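Shared chain: chain A. Partners: chain B in the first complex, chain C in the second.
Moving on to the complex of A and B:
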């Protein structure tokens, strides 16, 4: 596969990272699985999605040019279908979480500082805002406006829908990470700290390792 | 009993969560809202009485207030669950609702479906730099490029990507590109024939 340039922004400094299409796909698969198994919405990897979509368009173009009846065509087309499934499925999973936790993700996004990676792409944010607005209108028209004056807001109910961060996840460790606090110090039990070694697999509560998922030190499986 | 009507709404919705969406229970909602109005008026009366110096009314005010909150929660849960169901149908049926489904929705819910449809279309158009991606395609991981399908209704002519034209007649079987006939399968025009070994 051809080499592609990827523009990766980190900390404001623009730095070019050259990745092959195969590496991009690998990264995207990882992001896809993480998104699939994490209870909350993760930072979107739209750079990977855009890059892969460009690749797909190029591959499809090549396929159209190719000679009919060549065996390689069907192999390539199968590959294109598979990649497109991963991209679609990834975006679908994200959209599902945005729909479910609309109020929560919008609030979380607002708390982020300007130099941090955004949680959602522009299109997703736009979708979320519109979705929330329509839902509020719907609730208002059918029920809330007929309720007593002190109960006409649904903010509390809408914000109450939040991901279950304490659910357990399977994970594989990619980088050695020492001193991970798994359990806070409480009256009944002492605090629990473990070292994660590369290649290990664990079942852990999601919340303590959430930051490691976003940084790529562990992958959910 | 307080808040019983509201619970009935939730139960009703819970029963059809896996199946088809039932008719919108406008009457049920109206009854809950009436109960809420009555509770609220009573509470207001008791509150002014308490302010005027009467003692011993606090617990009943508290109870009514809890019932009010519960009623609100149940009504919103009922509405929300229906909205989720309707959103799901956009993915199953495409942008046009079948008449028998539409019959069960209230006016605002039809409105919601149209809004959702527009939101989703806008979102899908904005994906990537090259004019978007249809997320309602590729719903299942592809196992093979071509699949065997059987026609369930007379559909007429269908042009494949290579420019060949085939006639989809009832009970005829074809070997087609999966990506081409996925939406026809979802609409119930074609049926995927799975060979059981």
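Moving on to the complex of A and C:
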């Protein structure tokens, strides 16, 4: 058993691509913008966040030890602040969506199979559960317990809102993708298929291209 | 998105500066920069260039396209063309605004540059407004927006996306023959 596990781990390591800090930063910026514009919660890129936080911590540590008033220090500090802004904005955007679509994201997370990338980090998942529970208790204490017994369930209300996947988004194409079905075949309108060419910018509904955002073939702008 | 955030993204663009101080190569998280030698041009991100300029540590070399002749040609091209023409920088408005703010003295004929950029922006926004009009009226479900810059997209984003969302809802109401289900 142990052998199998080790083997598995080694295989996993090989898949890890070595990235420079600059590349991680670029990926994180992309994830930040995607999260900003996508109507639903995307898969969390906590690997990028953790990596960047490590970098920031190391840099801040160095800065603390460095001489005060050096030009270099102030430049480094400015960069640290800029990156910190991206990281916190990214995490805040995600929490905002978790708060808004609590039940929906938890449900979606449960449907995920073990081998799939999780939607949320452990901390986010814990936050979502706790938030839902608090909301439930709050509703109960405030109003529901004063209701007649047959009206005390609020499951439907607690299910809350689901993200509007049909919202329009702007996107830029990173990889050529042919034959993207963007409009289902309906009675009045025929189906519409377009080719996405690298470098093109489009405005489209989010739903048909959701999988392309996750795979990185397109970026939301 | 807040316009300040678009500007934040624009500040990543590289620009050439001529420093008046000496500093060995510095290892930033976003990549290595320098070395800096007095009088020798080197490339840095815009945010750093502006900060150095404000501390009078460098002179900014205006980007090649920020030139009265080139911009007048560009403006003429934009006026003549029915479609959007490719811009010399993905963040032309923000870059020129920032540079005109913090490094007016480094940009030759800054006033004329400012007016030209403003003219180009106006021409493009007018074009954008009329294309949106055609797009919305044509009942199309998607559009290609090549050569539009982020700031331009951002200006029309709130209005355009919500209008299209509503149109889509109305359309699916029609085809579904009743209440549109929202998934």
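Here is the rule we use: the second predicted complex is superposed on the first by the 206 of 221 C-alpha atoms of A that agree within 3 Å, B and C clash if a C-alpha of one lies under 4 Å from a C-alpha of the other, contacts with A are read in each partner's own complex, and residues count from 1 in each chain.
In this section, contacts are C-beta pairs under 8 Å (C-beta built on N, C-alpha and C of every residue); 3 or more make two chains touch, one makes a residue touch a chain.
Not measured: the values here are computed from a predicted model.
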item: First (chain B), second (chain C), both or neither touched by A:142; value: first
item: Which of chain B and chain C A:76 touches, first, second, both or neither; value: second
item: Which superposed partner A:200 touches (first chain B, second chain C, both, neither); value: second
item: Touched partner set for A:168, first chain B, second chain C, both or neither; value: second
item: Those residues of chain A which chain B touches in one complex and chain C touches in the other; value: 74, 78, 82, 85
item: Residues of chain C defined as touching chain A within the complex; value: 1, 8, 21, 23, 26, 28-31, 47-48, 51, 57, 141-148, 150, 153, 157, 160-161, 164-165, 168-169, 172, 174-175, 182-183
item: Chain A contact footprint on chain B (complex, rising order); value: 29, 33, 36-37, 40, 68-69, 72-73, 75-76, 79-80, 83-84, 87, 106, 108-109, 111-112, 115-116, 119-120, 122-123, 126-130, 133-135, 137-138, 140-142, 144-145, 162, 178-179
item: Chain B contact footprint on chain A (complex, rising order); value: 49-50, 53-54, 57, 68, 74, 77-78, 81-82, 84-85, 87-89, 91-92, 95, 99, 122-124, 126-127, 130-131, 134-135, 138-139, 141-143, 146-148, 151, 154, 157
item: Sites on chain A touched by chain C in the complex; value: 20-22, 25, 36-37, 52, 55-56, 59, 71-72, 74-76, 78-80, 82-83, 85, 162, 164-170, 182-183, 186-189, 192, 194, 199-205, 221
